[in-house]
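Structures are listed in the sections that come next.
Paired with chain B in one complex and with chain C in the other, chain A is shared by the two complexes that follow.
Presenting the complex of A and B:
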C-alpha cells in the first residue's frame, strides 16, 4: 500500500510523475505477460486442484477471443496486457520506521478522516509493534465466527480447506464468459475473500476485509465470493475510506454473492483508490464485475457503494432476482473530480414473481470529470407483480464537468410497475448564500450540501463507515470550487 | 481477434446499389452537381455501412432482418393510369380544411407533379421539380442537415431518393392554410421506396404541416423516408405526423431539424398502426432561444412494432426542449423509446425535459424505454422520467362503483391517458379528428385504412385493392 520514500518524494515534487506499476521491492514474481503458460504457473504456485486450473484455462481461452468493451461513456487508454505481471508472491514491503517518513499529505488526510494513530501506521505501511488493538480484536473475532460455523477466509485458503463449497459456487453468478474483464479475472485472479454463512445463522459482527490476514495484498485481480445459506444474514464491508495507494494500475475484480431462501446479504463498499493527479495523470483503472444472485424465495441482496477514487471506474453491481418475493437494492454515491471518469450503475434482472428492486444513485461531478449512471431494469415475462423504483440524481459542480444518465428499462409483462426518474442540477446560489450568511465558508458549505444530497445513500452504510464516508465526500471535493 | 460483423439484407443492398448505377447514368446531366455528388458520396457510404443491424447500439431493439430479406420491386412505375380522386384518399381526417398533396407509392402523379406557388411566395410540391426549378434555394440545405453517417438508411436515401416534397416559406410569411402531405402505398408488388423531403422556413415564417402515411393493401412495402427541416430565426413550425400503416409495412422515417435563434419546432407523431415503425428525430438547437417540443403517441397491438428515437442537441445556451412520448401496447406488440438529450459545454441555462409513459396491457407485449441525458454544462435544469405500468385499479374501481361498466371504464382511462398528447394539437379540426381516430383505435374499430372503401380490416385476408371508379 505505501510506497517507499523516494516514490513519495518523487510524487510530491514532480507533477508529471506517473504512478507506475513496477515496484522493485517485490520478492517473487513471474515474468510479465499473459499466456496459457502463465495461467498454469499461477495455478501451480497456488497449489490449486485440477478443476480450478480448468476453470482458469477455459476463462483464458474465452478472454483471448473477446474484445475490450467500448460501449461505456469512458475514454480508456489502450491497456497492454502483456506488460502486466500476473503473479506476485505475498510481498514484503520496505517498511517505514515511523510516521514521520510518510507523505505529509497522507497524514493530513488521515487526520481529517479521524483515523487513530495506530491505524494510520498500518494503513501507511509503518511497521507496528506486536501488540496493537486490531490484532487482539481479530483473535476474538475469529473465535466468535468459528463457533457459529461461519467461514471467512482468504480465497486461496478456502480453495484448500473448503474446495467443495468453492467449486459449487465459483462462477455461478458471474460466469467466466460474462465480459472481457470478468474473463481476465477468472483466468488470473490472485486472491480475495470467501465467506459462507450457514443455515439460519445471523452473523453477529460486520465482516470486514480489514480484519483478515493478508487482506491488504490481494493484488489487482481480486475475487470475492459470499454465500448466505437459507435464513442466513451477513453484512459485509469492503474497502476503506483511507486513501489506498496501489502500484497496480489495472484492477479487474469480481464479486459474487449468492443468497438462498430467506437469506440476506448486505454489501457495503467504500472505494478510494488513487484517482490520478490534478492533470489526470496516473490513477487506478477500476473495472469490476459485481453481481448478486437472489437464488431462493424471500432472499435479499443490498449493495451500497461510495465511489470517490480511481481514475476510471467501470462498475455495475447487479442483482438477479430469481427467487419469488426476492428483493434487490442498490445505493450509490459516486464522486468524480479533476479528470476522473466514472461509468457506474446497477442492473436489476427480475425473474421471479413479486420481486422488488430499488435503485438510488447520486452522482457528483466536479473539476473536469465525467460521471455517468448506466443501469438496466429488466422485468421478464414470468416476473409478474414486480416492482422497480429508480432514482438517479446528478449534481454538477463547475462548468467543465459532465453528468450523464443512461437508463435501460425493459418490461415484458402486464402486472409490473417500473418507475424511473432523474434530475440534473447544480448547487444553487441561494443554498450557498444561506450557509455563508451564517458564517460557513464556501468549501464547508459545499461539503454540507453535498452530504445532505447524498444522505439517502450514506444512511445505508454501517455507522462508523457512514461517518468516515461523510468526511471523505468533503475531502474528495476539496479544491473543486474556485 | 475481431468479431464477425453481422450483415443483413445483402441481396437487397446489392440490387439497390445496382439500381444506383443505373439511376446515376440516367440522371447524368439532368441533376445539378451538388445533388449528383451527394448521391455519389452517399452511395459509397451506404456500401460501407450497409443496413443498420442490431449490433448498433441505437438499433439494438429494431431488427429489420425479416423485412430486408423480402424481395422488393425497385423498378415499379407510378400508376399514372389511375386517375385517383383525392377526396376518397383524404386520409382519415374528415372536414379538415387543408391544401392536400397526395403521393402514390412515393411518387407524384399527373398535375400534382407541378410545383404550386402561392401568392405569398410559398412554394410547395414535388422535390424533383424543385431540383430543376429552384436549385439555388435548395443548395444551402439539401443534404447538409441530414447526417448521412447516422445509419445506412439515411445514406441509402440520399443516394437513391427519387421523390418527395419540397416546401419553401419565404421570410416573414405566415402560411395560414395548413398543408397536408399524404403518401399512400397501394401496390400489387412489394415495393421499396426512398422518399426525401425538404422544408425551408425563412426568418419569422410560419408553417403548419400534416404528414400522413397510409397504406391500402397487405403487400409488403418498405418506406425509407428522410426529411430535412431548416428553421431560420424566429420561424415557427408545427409538424404533425400521422402514421396508419398495415402490419406488413416497414416505415423508417428520419427527420433532421436545424433550429436558429428563437425558432420553435413543434412535432407531434401519432402512430396508430404499423408493422414496423421507426421514427428518428434529430434536432439541433443552434441558436439561442430556440425551443423544440417533440411529442408522440403510439397505440400498438397484434405483432406491431414501434421505435421512437429522439436526439436533441443543445448546442448553444438558453434553449428549451421537451420530449413526451406516451403509448399503449396490447397483444404481442413491442414499443421502444429512446430519448437522448445532449447539453453541450457552455450551453448554460438549458431547460430540457424528457418523459416516456407506457401502459402495458398484456404479458406478451414488450416495452423498452431508454431515456438518456448527457450533460456538460452546470447551470441547467434537466430531468427525465419513464414509467411502465397498467391502468390503476383504484381508478377503475372508482369508475365502476359509479355504474360504468369495466369496458367503458378502461376506455375512459385510456382516453384520458392519451389525451395529454392529443390535446397538444393546436389545429381544432385536426384535434377533433385525431381524437375520434384514437377512440376508434382504442375500441379496436380502426384498422389501417379506415376510409378505404373495401373494409380490409382483417389482415389475414389479403385483398387486392382496385379503385372503384364509380366512387370518383
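Presenting the complex of A and C:
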C-alpha cells in the first residue's frame, strides 16, 4: 500500500481534473428537447419491443405531471429540459463483432481514461462495459462469462437477446413513478448495463461499467439492472468521468439490483464527473436513483461509493430488506470542494425479520462547498429483531464550507435496535504541524489525514478501485487549505 | 550547529521569550530546565517552525542557514526533530504508512532513492527494537489509543527512524513510569553520535541520571538565566528555583 501512497503523492502536487478532455468522435444526435415524439424516436432507434415503448410512454406521462423535488439541501438552478439532447451515440457501422471495427478515437478515449478495451490487456479479473454518452460501445469478456451462464451486456442488447429477463425485472425496484428523475430516466434512458448471475454461480471476475459523457448539451440517462439469482454472487464496479465544459450537464441514472435467496451483490462506485471549475462554473448535475431489493432470505446487497465529482449530487443508494435475515450495507465517502454541493446518503427499509443494515458515511467538505448526509432507516412492524447501525462523520477543511446531517429513523416494533452515531471534526492545526514536523508538506499531510479518515470505507473497495479512490481523494482536495 | 541570538517571541501580542541566546554544537546534549510558563516549550515550537508563534526580534541560524526562513517541513528535512510533549492522534493513518511517507520525503529532499518496501520494513523493525516497542505498532494508527508511555516511546521511535541532526525533546519524560523512562533515555543515548545534538527540555533531574547533559540551562521569564554542567541540575533538584530568582534580583 505504501507504494500506492507514493503514486498518490506524486499526483497530488500536479494535477487538476485530468479527465476534462473532449474526444472528436462522430456522434449521431437527435434534435434537442423532450416530447412524446422524442420518446418514440429513442425507442424506435433502439428497435425496442412494444412493451418497452409503453413503459417509456407511461413514464413520460408521469414525468410531465411531476415537479422537480426541492427538499434536498441543495441549490439547484432551474433546468430547461427542452434544451437538452436526449440521445447521442457514437456513430457506428451496423453490429460490431470485434474491437477492430470500433472507432479508433473511441478506443483512444478509453485508453486515456485508463480503461483498456482490448481484452488481453485488460486488468485480469475485470470485465468492462464501456458506455459513452448514451450508448454502450464495448463489453469485454462476454464469451468467458457466458460459459458460466452469466449475462453481462449492454442494456440495449439485453432487450434484444433476453427480453423476458429484462421485462421481468425492469422497474420492479425503482418504479417509473418513484421520483421525478426516475420518471425522466424511465422515459428516455438510452443504454446501460444488464447483468444476470444464474443460480449458484459466483462471478469469477469483477464486472464493471465505465460511463463517459462526451458530446455537448446532452444528458446521460443510463440504466443498470443487476440480478443475482439464488446463491449467486457478483462484485460490480462503476466509474464515471466527463469533459470539462462551462455548461452544466444532466446525468440522471437508475441502478436496480435484485438479490434472490442467498444471493449477494456488491456494488462499488467511484464517481468523478466533472465538478465544475473553481468558481462553480459548469459541471455535472448528478441525480441518480440507486436501489437494491433483497428479495430472498439471507440475501445481501452492499453499496460502496466514493463521490468526488459533479457540481451537484443527489443520490441515495438504498436497500429494501424484504427477505428474512437479509443484509444491506452502505459505505460512502463524499468529497465536496470549491462550489460543489452534495446531498447524499442511504435508505434502509427493513421488511423481513432479523434483517440487518449498516450505514457508514464519511463526508469531507472543503472550499465553499456544502455536503449533506441524508438517511432513512425504517423498520416495519413485521421486521422483528432487526438491527441498524449508522455512523455519519463529517470532516471540515477551512471555515467556508458546510456539513449537514439529516437522519430519519422510523421504528415500528420493539424488538429491533437502531443505533446512530455522528461526529463532526476538522483537520486540526496540531495534526498538520505534527506531519509537517516529520518532513511531510501540507498537501501530502492533508491527503494522508483524509485517507486515514475515509479508511473504513476505502477498505470496502476492490483493490484496483481503492488505489484509484485514494488518488482521487487527494486530488479533489488539492489547494483546499491555504 | 544551532545559534540563537537575542530571540524575542510573542503569542497574540504577549511576549513569551525575550532576548534568549543559545549555542548548540554537534555532539552535545543540552538540558533546559526552569519553572512552568517560562517559555521552554515555546522555544521548542519556534525552532520547529510552529506558526502560532511570532518571532519579533533576533535570529536563529542552523548549519549556517537562516532557520526562520525555512518552512516547517524543510526544517524537518534539514534534520530538526521535535519530540512532542502531547503527540497528536491521526486516526486511520497507520504508523507504517506515516513513517514511510515521512522517510521518503526526507530522503527525496536529500537526493536519496526511496527505500524499497522490504528494506523499509526491515529498517523499521530494527528501530522498533531500539525503543522496545511491540510488533503490533505497524498497523496501529498514529498515536491512536496509545497509552501515555507508548506515545512517548513512539516519539523516540520516530526520532530513531528519521535520524535527526538536532533533536529537541519537549518533556518527553513527563508521565513516564520508571521503566519507560529508562527505555526512552536509553534510546536517546543509543542515537547519540559526534555529528548530532540533543536538546532535552525537562522538569526533573531524574531523566538526567540516564541522559548525561553537557550543559544545563535554566530558563526564567523568557531567557536563559543560568548555565552550568550537570551538577546544576542536582542543585536545582535540591534547592528549587527560588535561589536563582533571588540571584537575579540581587
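By our rule, the second predicted complex is superposed on the first by the 385 of 482 C-alpha atoms of A that agree within 3 Å, B and C clash if a C-alpha of one lies under 4 Å from a C-alpha of the other, contacts with A are read in each partner's own complex, and residues count from 1 in each chain.
In this section, contacts are C-beta pairs under 8 Å (C-beta built on N, C-alpha and C of every residue); 3 or more make two chains touch, one makes a residue touch a chain.
Being a predicted model, the structure only gives us computed values, none of them experimental.
> In the overlaid three-chain picture, which partner chain does A:69 touch, first (chain B) or second (chain C), both, or neither?
neither
> With the two structures laid over each other on chain A, which partner does A:444 touch: chain B (first), chain C (second), both, or neither?
second
> I'd like to know which partner A:410 touches here: chain B for first, chain C for second, both or neither.
After superposing on A, A:410 lies in contact with chain B but is clear of chain C.
> What is the contact status of A:398 with respect to chain B (first) and chain C (second): first, second, both, or neither?
In the superposition, A:398 touches chain B alone.
> Check the residue A:204 against both partner chains and state whether it touches chain B (first), chain C (second), both, or neither.
So A:204 meets neither chain B nor chain C here.
> For A:431, decide between first (touching chain B), second (touching chain C), both and neither.
The second partner, chain C, only.
> With the touch criterion stated at the top, can you tell me which chain A residues are shared between the chain B interface and the chain C interface?
Overlap of chain B and chain C footprints on chain A: empty.
> Considering only the defined contacts, which chain B positions touch chain A in the complex?
Against chain A, the touching part of chain B is residues 1-3, 57, 345-346, 348, 358, 360-390.
> Note which residues of chain C are touching chain A in the complex, please.
Touching chain A from chain C are residues 48-50, 52, 71-73, 75-77, 81-82, 84, 87-88, 90-93, 96-98, 100-106, 109, 114, 117, 120, 141, 158, 162.
> Quick one: in the complex, what on chain A touches chain B?
That would be residues 64-65, 67, 71, 73, 379, 381, 384, 394, 396-426 of chain A.
> Residues of chain A touching chain C in their complex?
Checking each residue of chain A against chain C gives 1-3, 5-6, 9, 428-431, 433-442, 444, 448-449, 451-456.
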